[in-house]
Structure formats: structure tokens, C-alpha cells
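These are the structures in question, set out in turn.
Same chain, two partners: chain A is paired with chain B first, then with chain C.
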Partner chain A sequence: MISRSKTSPEHVEVRVLRQAAPQQRSYWERFRVAYEPDMNVISVLQRIAARPRTADGQDVTPVAWDCNCLEEVCGACTMVVNGRVRQSCSALVDRLLEENPAEIELRPMTKFPVLRDLMVDRSRLFRALEKVKAWVPVDSYHDMGAGPRQSPEAQQESYPYSQCMSCGCCLDACPQYRKIELIQRDDETDEQFAARQAATYDRNFVGPHAIAQAILFNQNPTGQMNADERVEALTAPGGVQVCGNAQNCVSVCPKEIPLTTAIAQAGRAATVHSIKRWFDR
Partner chain B sequence: MAQQKVVVIGGGLAGLAAAMKLAELGVAVDLVSLTPVKRSHSVCAQGGINSVNDQTRPLGDDEWIHFDDTVYGGDFLQHQPPVKEMAYWAPKIIDLMDRLGVTFNRTPEGFLDRRRFGGTLFKRTAFAGATTGQQLLYALDEQVRRYEVAGLIKKYEYWDFLAPILDAGGQCRGCVIQDLVSMEIRPLAADAVIVASGGPGLIYGRSTMSMACNGSAASRCFQVGVKYANGEFIQVHPTAVPGSDKLRLMSESARGEGGRVWVPRTPQDSRPAAQIPESERYYFLEDRYPEYGNLVPRDIATREIFNVCTKEGLSVESERLCVYLDLTHLPREMLDTKLGGILEIYEKFQGVDPREVPMKIFPAVHYSMGGLWVDYERTADGGLTAASPRNQQTNVPGLFAIGECDYQYHGGNRLGANSLLSCIFSGLYVAPSVVSYFQTREATGEVPPALLEQEGRRHQERHDALLKRRSGKENPYLVHQELGNLMTRAATVVRDNDDLRSAIETVHQLRDRADRCALSDTGNWTNQNVVFTKSLIDMFPLALSILQGALARDECRGAHYKPAFAMPGIEADSPEEKRRLAEAWCDRFEENTKKWLKSTIAEYDSSSREVRLSYEPVDTTLIPPRPRLYGLVGAEVIEEVWKERLASRAGDVSGNGSGAGTKETVAAS
Partner chain C sequence: MAGETNDSWLVRHEFLLRRLHSLSGLIPVGAFMIVHLLTNSSVQNGPGAFQKNVYLIHSLDALLPLVEWVFIFIPIFFHGIFGIVIIAGGLPNTSSYPNASNIRYVLQRVTGVLAFLFIVWHVFHMHGWIHADWWIDGVAKNLGGAQFKPYNAASTAGLALQSFVVIVAYVVGVLACVFHLANGIWTMGITWGAWTSPAAQRRANAVCTVFGVGLAVIGLAALQGMWAQGRGEALEEAIRIEDQQYNAAVQAGILKPNEEKRAQPSEAEPGREASVDQASARSPR
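Showing the complex of A and B:
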């Protein structure tokens, strides 16, 4: 059973780190929300949106945030709750109050540019999936019969990786993943800006999630045929060698994806790949 | 010829399937979505996806029976050719998903493992743990990313579809979209627009659906003249876990894997579930439906759970309605490999381990069978004409609809694991049809820039006016809450004409109040307040279609249940009397079929802001409608009488019930 403090509080104090737009100064704002049983951070934010007034009675704009599924499977609602990066939909208020009865503290993710309040731009995370070619390159979508047979053991090994919901917790926690925030120049078209962003992202660390996806597709019997291309990407600058093996990623992943196992495998594959390339010269 | 371009609205399974297939056909795609497509609602689907397969075939299963189960489960309200086509495509679709790398569970020999879902006697459902929707969506997302890199697909993520753009001739020539971050409003020219925007769960406040499922895109099409069909058919899932922000689904696969539904025979028995002996447990589904047991079709399970709690007063708790869904008798290891994902969700959100303690569940709004009206072209043998431009096209030329937002496949009630199928099927199937549409439509030339500019400006003005609105003090979130409560009371499990009439009146009042909503954020950067208010305003046309459709339909069919018009079973002592009553029952059934086996078509009149209803006949030429008798008292006699009638008509004896015999009926007639 969820342990509920014997006397449930009347109110929940919530402190939110806000920011009106990119490049603007951030500031804290405090809200007081009536306590209800079974609340999570999303329902707290919903109550704030419905009546955006600070604890000291000032009317303010509602807090912006991102969410969709509300059952920890879409990856949208990541934020830093009480100092830990996690999904806000599965962050239950009763649990958070056990951590800190005084207040709940909400901050945007730290490694991604803030768009507004708790909304961040995570496009870099998806760009990394392009870099490692995280897909099975089938010939066509015509009817060609079933895919290759696979043992249940192989399925059990791949399945955890296929649950990565691109939430970015692992990236936020990784000391080697540094924030990149680019600003569109006046003389730049949208396309030019996007290209500059992509190029910058590609030079920097791909991140543990993408390494795990590369492993997933290298395990797939068809994906295996392009294993070299993925390993190549992981050997390039910003690849697996950037990882300092701090293991923060694996401890925050809400899906408990074996990221360090993937990183170790990728590291070995990268070494073999480099040696092979050296011999092929 | 210049490169053709299609705008796809929505990147759930349906939208992604369409986008990747169009890209394969060499068509450029602009893919617009409220959320990054990988976060679309389809990720929530847990249970699986249906097709006939090599394990079910030896047991007598085939595509025709899958088709039959689907129309029987849907109470015959769907046109049969598209459903038939889908059932025949299903095995190929699963093959494709397998090739795309979906991590489906495997048998020891390495084939796809299958489970059984509601409304069928066969193990047709392929699954990837308990996160099948997620795996399927990711596989398509990956293919779309591949084409994005290749330059054929351009994504507009965090963009809101505001409206289709129609030219003077009524043809769809593009759409207006808005960036949710910068608030920029932009018209997009296109040769066709495909709407794949999913279900409208938010109209009910809390449901099992995701926050992006607000129905706005469908409503915006409806408001420019697209017909909305069978809106009153809303599926309420029997098993959801009540929460303050969302009603979280407990997948049917929990029952598919052996989960049992029960309540203590003593009302609100205060003992922990484990201490209540077998003899004091009431397994009411197994009791009342011995053949299907816990796997009766959804509408029936929902009503039974609802009734056991409300009418029979057997709810497990007194302050909150719920029944037990019990997995504790099943081996832990099996539960972990087959249901791990959903059990974790329960544990995470309820703080209780469902492997140890029975879950507490109650029905929740889950799926809309109704949706945007779409066309199809039938072949002589009752399938679809591949690549016909009519397939999936709405009544507005150039505007197509696929996935949960179309009304085509599930009739009065959707079978479990059939929706992922219809989403992928309609998405793949629409692509060549759109290409044919380019070839067959009259040459229209470039989209007039003036038209684009005018439509962009119109929406900009509406947006600006909303931001400036100072009049009134209504709060959009509170209005939404009231709308949700009202809809949940009036238009879910049990429907009553007086309630519906008064709900329609209240919806009008709520709509007027929404018109007077003041915004708490009047800025023009990532303004979620104005986006939500727009979507709220657009909920009312669909809410009215649902309520008016339900009010008008004086019968029970599928998920639409009006006790005042129910056809109760028959109870009599003497066989003669039973026969007589069964004959009368069948007469009444046939009369009702004549009167009500038709699709509700809603049309929106933008000047009066009212919804008008009309009806359209349903193509039931492949499988003649027959009564759904699940668990009805006297079902055997009724079935007997029914079979005799069918036989005398077809000059052939054939079966009812499981539908296995229907093939012969059709072959003979």
C-alpha cells in the first residue's frame, strides 16, 4: 500500500523554476495546491494551470510543461523533481512528500535548451537516433512473408532495449553529456539553422540511449547486416569513447534499460572495428 | 509533373504507416503532430494486434472467421468490404511489422507467440511483452526517420492542425497549422491531406486516452463539412484503474492470460481478498458466460461490471466503485514475461503488487468507434478495390481520414487488438489511393497563393481575438471538467433519453460559457492556455454529435445500450411457450434491424452551430446480421428459431454462434 502520512496535508507547496523563453533569466515561483489523494506531479500542474496564482496571491501565467500518456510510456513529461530527473507522471505526491514533506521542487531538464518553464527542446536526442541509423533497413513494405525466426532468448535480450521511450533521463544524468544551446541567427533560414544544429549535435556525445539503440538493431537479424555502419557511427567523434563509465545513466532510466551493458558491448565492437579498419588500410 | 506533396496530420500508428508508405511511393510528406510522433498515444496500447496465423489455422480459423468475429463483435454496424479486406491483410501486416524489427514474443521454435483476446475463440493476438503499441509505433517511427534522413518526409512536431483549406470548388488544397512553441500560424499547400489524429477521449474529461486525444483535428474537419459517423458509439473499457489525472487501462491481456474477475458475495466484505474463500467469491463473468468466461466482448464485460457495482451493490469498496481483477493464482514468472509492462504500471501508480494482491478496476471511456466518414470502393467479391481514390477519402475531395479518427472498421463495438490492426491497415492502404487520387482528379494547378494567405490570416485573426478576449470570466479548465463529467454521466455505459436531452441542453450552455473564457496567459510564446482553449471550443461539435446520435438511436447495439429499448431474454416453462416467445423475439430483432441497422451521419451547420443527423444504409451483403446472444436467457431457443429462419431463406442449414458456419451461408446465397 502507498504509505500515506497519517495526517494528510491540506496543501502541497510547489516550487517551480520558471523561464519565459529561451535566453531569458530563470526565476522561482511558489504555488500552493490543495492536497488530494493519489495525486502525481501532473495533477499538481493541472491544478496550477486551472488557477495560476502564486502562494502569495499573485496572478501569473500558467506553468508550461510537456506530457501525453500519463502512464510513463511516451517519455514526454521528463523534468527534475526534487533534484532527480524523472517522469513527472509517475512521480506520486505522497512519495515525494516522504522525500521532503516541506515542498515539491520542479525544474526543467538541465541538458536541453529551455523553451518555456518546464518545456525543453529535446530534438538532439532524436538526431542521435539518425546518427546511429536506429532502424531496420528493409527493402520495401511489400508483402515478403515473415521476418527471420528468433529464439525466445534473443527476444528477451532485445525487448528491454526496444522499450526506450526517448525520455532523456539518462542524458540529463550523464556527466559527459553537455548542454548545447544554439540560437538561430537573423541571416539564417530555418533549414540552415536546422543543418547547423544537426552538425553540432553530431560532433558531440550521442548519449547512452542511442548507443543502446545501436545495439538493439545490431542484434536484429536483418539489422545486423548494417552493423558496421552503426559501429562506425559509434566510433566517430561523439561516439562511445566519450562515455566515462560513470553509470549515472543506468540508475535513472525509468525503463531500467541495461545501458551499461550496451555501452560495454558497443565499446568492444568499436575496438574490434577500429582494429579491423587499421588492418584494412 | 512537379513532386506531389501530402500533409499527414498525426503520427500515431495510422499516420506513420501512411507517411512511410507514401514516401516509398515517392510522394513527399509533411507530417504534423501535436507531440513528437514517437510520443503519440499509440504507445499506450498494451495487449497486441490480431491476425489469423499458423497456430490458429489448424484449429479451423481463417481470415473469414476473423472478419466474421469483427462484424459480429461490432453488431453488424460496419460496412463489410473494408473489414473483410482488413482481415485478409492482417497476416501480411504482422509479417511486415516482424520484418521491421518489432520484438514480438516468440515460441520455443522461434515463431511469433500468440494470445487470446476478447470476442474470439482463437489465439490470434501477436504481442511484444505488454507494450505492443509502443513497439509497433517505434518500428514505424524508425522507418519514418529513415525517410526523414533521405529528405522525403519533413516533420512538424509540436504543431497544431487548425483547419483544412478548401478551395472555391470544395476541394482540399492544404491546411493551416500552428507552431505550439513560437505560436506562428502557417498555411501549408498540399495535393492531399490525410487526417490521422486518433480518438477524442478528452471530451470525457478523464479516460484511458492520452492528453493529445482531444478530438480537435477531427472536429475541425467536421466544422468545414466533413461528415462524422456513428459518434454515439464510444467504447468503455471494462478494466481501468481510476486515477485523479487519468483512468489507466488494465489491458484485456490480463484476462487473456488467465485473469479472473470477481466480487465478494458479501457486499463490501472487509477481509483482504486473499482471505475470502473460493466459495464466497462471485466470478460473475464466468458464471453468466460459461463459453467466453472472463473474455466476453468489451461492451458486455463493461455492463456486467457496472451493474454488479451499481444495481447489485456488490462493489468491493463502498466509497469507490470497483471489482477485483485477480492474477494472483498465476505463476509469477509467466506474469513477468507476458504482462510485465502493465503490471509495473499498476504497481507504479497504485503502489500495490498485482501479483500478490488482486487489482481493483472499474470501466472507463476508451475508444471511439465513430469518427470521420470515409468512403471505399468495393469489388464484386466484397473486398476493396486496391488503390481506388475513394478508399479512406472523406466527402471533401482531397481530404482523407485513417486510424481511430475514421469510423470504418469497428461498427458498434471494437474487438480487442483490432484497432492497432485497423490503424496500420488504413495507413498503408490509403497511400496508393492518394496517389490514384492525384491521377484522377481534375487538374487544379497550383494552390492559389491568395487562398493560402487568406486562410492563414483568418486563423491569425481568430487567434489574436482569443488572446485579447477580456469579456467574461469563465475558466476553460473548469468548463472542460464540467463537460467531462456531463459526458461521462450521460453517454457511457447506460443511456437514457431524458438524461441525453438534458445533457444536450447543458452542452449548449457550456459551449456558450467556453465562448466567454478569459485566458490566464495572453502572451505569444508557448501559450498552452490558448491552445487548450481552442481545443475545448472544438470539443462541443463532437460532443453534440455523440449525444444527439445517442438520443436518436432508440435501440441497443454494441456499446450503445439503452435499457428502455433492450430486448430481454425469454423465460417460460413450456417448450411451446418458449418457441412462441423466441419467434416473437426474432420478429422483433428483424424489425429492429430494418429500422436501426444504419450509420448515423452527423453534419455541422456552421451558421447555427447545430448538428444535423441523417442515416445511411450499411453494406451487410457478405454476412447477414444475426442476433448477438452472449449470455442471454433463452439464447438456445432463440438461436434455434433464428437458424431455421436463415435456413429456410438460404435453402441451406448453417450455424450461428461462433460464426464458423457462416461462410457456407454466404457461399450458398
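Showing the complex of A and C:
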């Protein structure tokens, strides 16, 4: 048997920023979970859910969180762990205790509306992908045959961008990306509210993930056919110009996607595009 | 795009405004600052060398205010005020993410605000903001402004720099402006897409650092040189040289006599001779 470090604690102290429902006040709660080897934050949350009692013995509702793949490919479990946004499924308790032996601090993401406890509504992130048309349109019932060939070099350049899992870490860490939380008005239908929400999202910063996806699809030989539309979206209000070059996005991205390269490439495309448009009209 | 029609003018033209803000930082504002610091540092070659450069600038004569407004004041106002709008739209988070670029993001904003305060005060201190007699004589001078006299360039600038507080303000102001420009050129290269890959961004960063350190040295040399002309024997010598240059230029017919651009016009006789004692009798502030 591998002997674990002699200093393994008996308990793990966990502090969670909780919130019962959207718009409600948030509050801290402290839990104590029996230490087991190789725990991650999700298994800690599972122990809390199994026995939702605070460190000072109060029975409470179980802490709500989101997760799916448990191997850092879906992005659903993203939250702020010890002050840094990341996936909780790959946040190992042993590593976290090395950082701070006293406790583990869990907070929901800071830039998205909280639904409950550690669950947030990340729909703005997906709206941004729609805005920049982050797809290759396939608009035919007929078999069009194979697409154009791509050189290995071009594939190499595009591959990193294709790994984005829409987790939103880059957005949470970006100083230019500000939280937007709208409330449905009494006189508003669901459709009206959704439309107002989409319009508000569209006029605010799209974020580095969407800029990188626009570049990915502009590099694709078939996607290129809509390159101008994507650059147009990137120079619309809330486009690439909002970036302030803090480069936090690239430093927190769990997939190490070269976001600041994408931002500079988008800047270059925008420069060329606007000069061309100026002289073409 | 949905909802575009009821967006404000500022939102609809966000891309253009951001790009104009970025451009105006380098051209003309950054370019002006480089030339300005180089010109000022010529005082290291003696008060005469600096005075010659000032005559060159002032040979624009009646065009000077126009050039000042179109190429200097209006662009600085635009860049500065829109810069404040940009600052208000961000949410610094260096305590959670203390990365080098993130710290520089904050420093770019801090030095922008410092540059704003410094330039507003500095232009008042030396230049006086507007050339109107009632303002310059009635208000600006009483508040310690408008101290620079272009036809006694080094001596009046030097005299204006003799207080410790003023010198500290200038050192902070110059260094803030220089950092802001050097770091701004680096971010500009990303904004416009000149350097895209991490390696290219690192190389550009090295170039911008060398540029910044160089410009900081030039700026501080200008400051030290100017300060040194404002005290003791150097001051008397500077005034002597400046008055000599003035009289020679007026006699040669290449300069219109203009007592307002000389030190202490109110006390000076029209067409006075070089008067060392009169000018040097002023006590340093």
C-alpha cells in the first residue's frame, strides 16, 4: 500500500457561498467532510449532499452544483475554487490543501446569474457563439461531396481552438467582461424577455471564447465562405474592440487555447475588413 | 442586429471610437510627446540649443495656436476623456489573477489617470492654458501658472521647476506618461493585429521595454537639465544667452519683437537691453 503523506488531515473544511434562488442574497456556509485520499471538489460536494449538515451542526438544504463528464471536457462544473475559476471535477483536494491547508473555498462563477448555490446560467456564453456564427452552415439536402482539403499546417493551427468546451473560465477572469443579470418584468411574456435578454447580450462583450471560435471557423476552408459575416459580428458593438489586453483569459483557460493570438488575429482581420469596406463602398 | 436601433451613438460606433482612441494615443499624442521630450532634452546642450528649438516652434507664429489645438489639445482631450469612459467599463481583478499582463492592464489605466492629471496641471503650470491677457495676467499667474516664457525658454522653465513638490510631480508625471506610451504601443500592436503569436508578442514587448526605458532617460534628462538652468550661476548665464539670442534675432529682422513672450514683460522697458540683474533678481519659487 502506498503510504499517503503523514500529514493527511482527518477532515476537510469547506466554505461555500450559497444562494437559494436567482436575485436572492448570498451567504457563506461552512462544512466539514471526512478526508479520503484522491478526493476532488465534486466528491466533496457529494459527501455534503449525502449529509447536508454545517460544521456547527445545523441541518441545511444540500448544496446544488452542476457536473457531467467528470473529466474536464464538458465545462459544466466550472466554479471559483480558492479564488480562481476552474473545473471542480479536476480540482484535486490534495493540491488545494497544499495551497491552503485551512479550508477550501467554493463560490459560483462571478460573471453569470446564479440559479442556485454553485449553479449558474451561462446562456450568454452560448448566445455569443450564435452572434459570431461559430459553425459551418450546412444548408442542403444534397450530398455535396467531401469538403476542400486542409493542409496539415492549417490543421495544426486550428486544432487548439477546436478544443474549447464553452466552460466560461476565460469570461469569468476577464476584467472587460461584466456580469449581466436581467429580471423578467411582470408585463413581459417569456418570448419578450428572451428577446430583450438576447439584445442586451449582443450589445455587450462577446468574450474571448467567441472571438477564438470565430477565428476557428474563419480558418476552416468551408467556414471561410462566411468569414466577412463573422468579422462583421466581431466589429459590431460588444466586439473584439472591447478587449483591454489583460490576457487573463489565456492564463486561466483549462484547454490552453491561444486566446490572445485569436484576439490579435481578429484585430488584424477587423483592420483589413474595415479598410476594405471603406474603399469598396 | 436586434435592438441596434435604440442603442446610443456611443454604442453604435464603439468599434470606430475604440480604434480612433487607440490611434490617437500614438498619432498625434504619442508622437507629440516623443518630440516634446526630445526638444526639452536639448537643454542638455545648453540653454542656447533649447532656445533655438523653441524659436523654431514659435516660427509658426500665428499658426501656433491652431496647430496646438488641432494636433495636441483636441486629440489629448479626445483620448483622455474616452480613456476615462473605457476605464469605467472595466472591472480590475488583479487580486484574484495577479498575472503580469493583468497588472499592466491596471497600470495602463492608473498611468492614464495620472497622465490626465499631470497634463492638465503641467500645461497650466508652463503654458497657462489659453493666451488671453485677462486670463494669463489676472488669473493664471496668480495661481502659479503660465510660468514659461518662450523667448527666455530654459531660464523660465528652470525657475518653474525649483520647488521639491513640483519636481516630484514632474518625475511621476513623466514616468507615468512614458510607461503609458510604451505599454500602449504594445497593446496597440495586438489591437490592430501587428503582433499575433505569443512569441511575436514577447519580442514586441522587449522592443517596447527598450523604447520605454530610452524615453524615460530622455525625459528625466530633460527635467534635470531644465532644473539645472533655473538656479545659481547657470540661471544668470541662461538669461544672458537667451537675451543675446533675442536681441540678435530682432536686430537681424528674423524675429518680431514680442515682450509678452519674454520674462517679466510688465517690468521690462520696450526694446530693453539684456538685463541680467533684473531677471535674476526674481526669487525662485
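To be clear about the criterion, the second predicted complex is superposed on the first by the 272 of 281 C-alpha atoms of A that agree within 3 Å, B and C clash if a C-alpha of one lies under 4 Å from a C-alpha of the other, contacts with A are read in each partner's own complex, and residues count from 1 in each chain.
As a convention for this text, contacts are C-beta pairs under 8 Å (C-beta built on N, C-alpha and C of every residue); 3 or more make two chains touch, one makes a residue touch a chain.
Because the structure is a prediction, the values reported are computed rather than measured.
**Q** Following the overlay on chain A, give me a clash-or-fit verdict for chain B and chain C.
**A** fit
**Q** Please work out whether A:H11 is in contact with chain B alone, chain C alone, both, or neither, and reply first, second, both or neither.
**A** neither
**Q** Angle chain B-chain A-chain C between C-alpha centres, in steps of 10 degrees?
**A** 160
**Q** Counting only touches as set out at the top, which of chain B and chain C does A:A64 meet: first, second, both, neither?
**A** Touch partner of A:A64: chain B, not chain C.
**Q** Looking at A:A246 after the superposition, I want to know if it touches chain B, chain C, both of them or none. Which is it: first, second, both, neither?
**A** Only chain C is touched by A:A246; chain B is not.
**Q** Report for A:G223: first if it touches chain B alone, second if chain C alone, otherwise both or neither.
**A** Touch partner of A:G223: chain B, not chain C.
**Q** A:A49 in the overlay: touching chain B, chain C, both, or neither? Say first, second, both or neither.
**A** It touches chain B, and chain C stays clear.
**Q** After the superposition on A, what does A:A76 contact: first (chain B), second (chain C), both or neither?
**A** In the superposition, A:A76 touches chain B alone.
**Q** Scan A:T271 for contacts with chain B and chain C and give back first, second, both or neither.
**A** second
**Q** Which partner does A:R30 contact after superposing on A: first (chain B), second (chain C), both, neither?
**A** In the superposition, A:R30 contacts neither chain B nor chain C.
**Q** After the superposition on A, what does A:A199 contact: first (chain B), second (chain C), both or neither?
**A** second
**Q** Quick one: minimum Cα-Cα distance, chain B versus chain C, in the superposed arrangement, integer Å.
**A** Taking the overlay as described at the top, chain B lies 12 Å from chain C at its nearest C-alpha.
**Q** Touching residues of chain A toward chain B in the complex: what are they?
**A** 1-2, 20-21, 36-40, 42-43, 46, 49-52, 59, 61-62, 64, 67-76, 89-90, 92, 115-117, 119, 122, 126, 129-130, 133-138, 140-141, 143-147, 149-152, 154-156, 158-159, 162-163, 165-166, 217, 220, 222-223
**Q** Using the touch definition up top, name the residues of chain B that touch chain A in the complex.
**A** Residues 20-21, 24, 35-36, 38-41, 43-44, 92, 94-96, 98-113, 128-129, 131, 134-135, 138-139, 142-143, 145-146, 148-149, 181, 210-212, 243-246, 248-249, 337, 341, 345, 348-352, 428, 475, 477-478, 520-521, 523, 525-526, 528-529, 532 of chain B touch chain A in their complex.
**Q** What residues of chain C sit close enough to touch chain A in their complex?
**A** Result: residues 1-4, 7, 11-12, 14-15, 18-19, 86, 89-93, 96-97, 99, 101-102, 104-105, 108, 187, 189-198, 201 of chain C touch chain A.
**Q** Taking the touch rule as given, give the residues of chain A at its contact with chain C in the complex, in rising order.
**A** So the residues of chain A in touch with chain C come to 83-84, 173, 175-176, 178, 195-196, 198-200, 202-203, 235-239, 241-248, 251-252, 258, 260-261, 263-271, 274.
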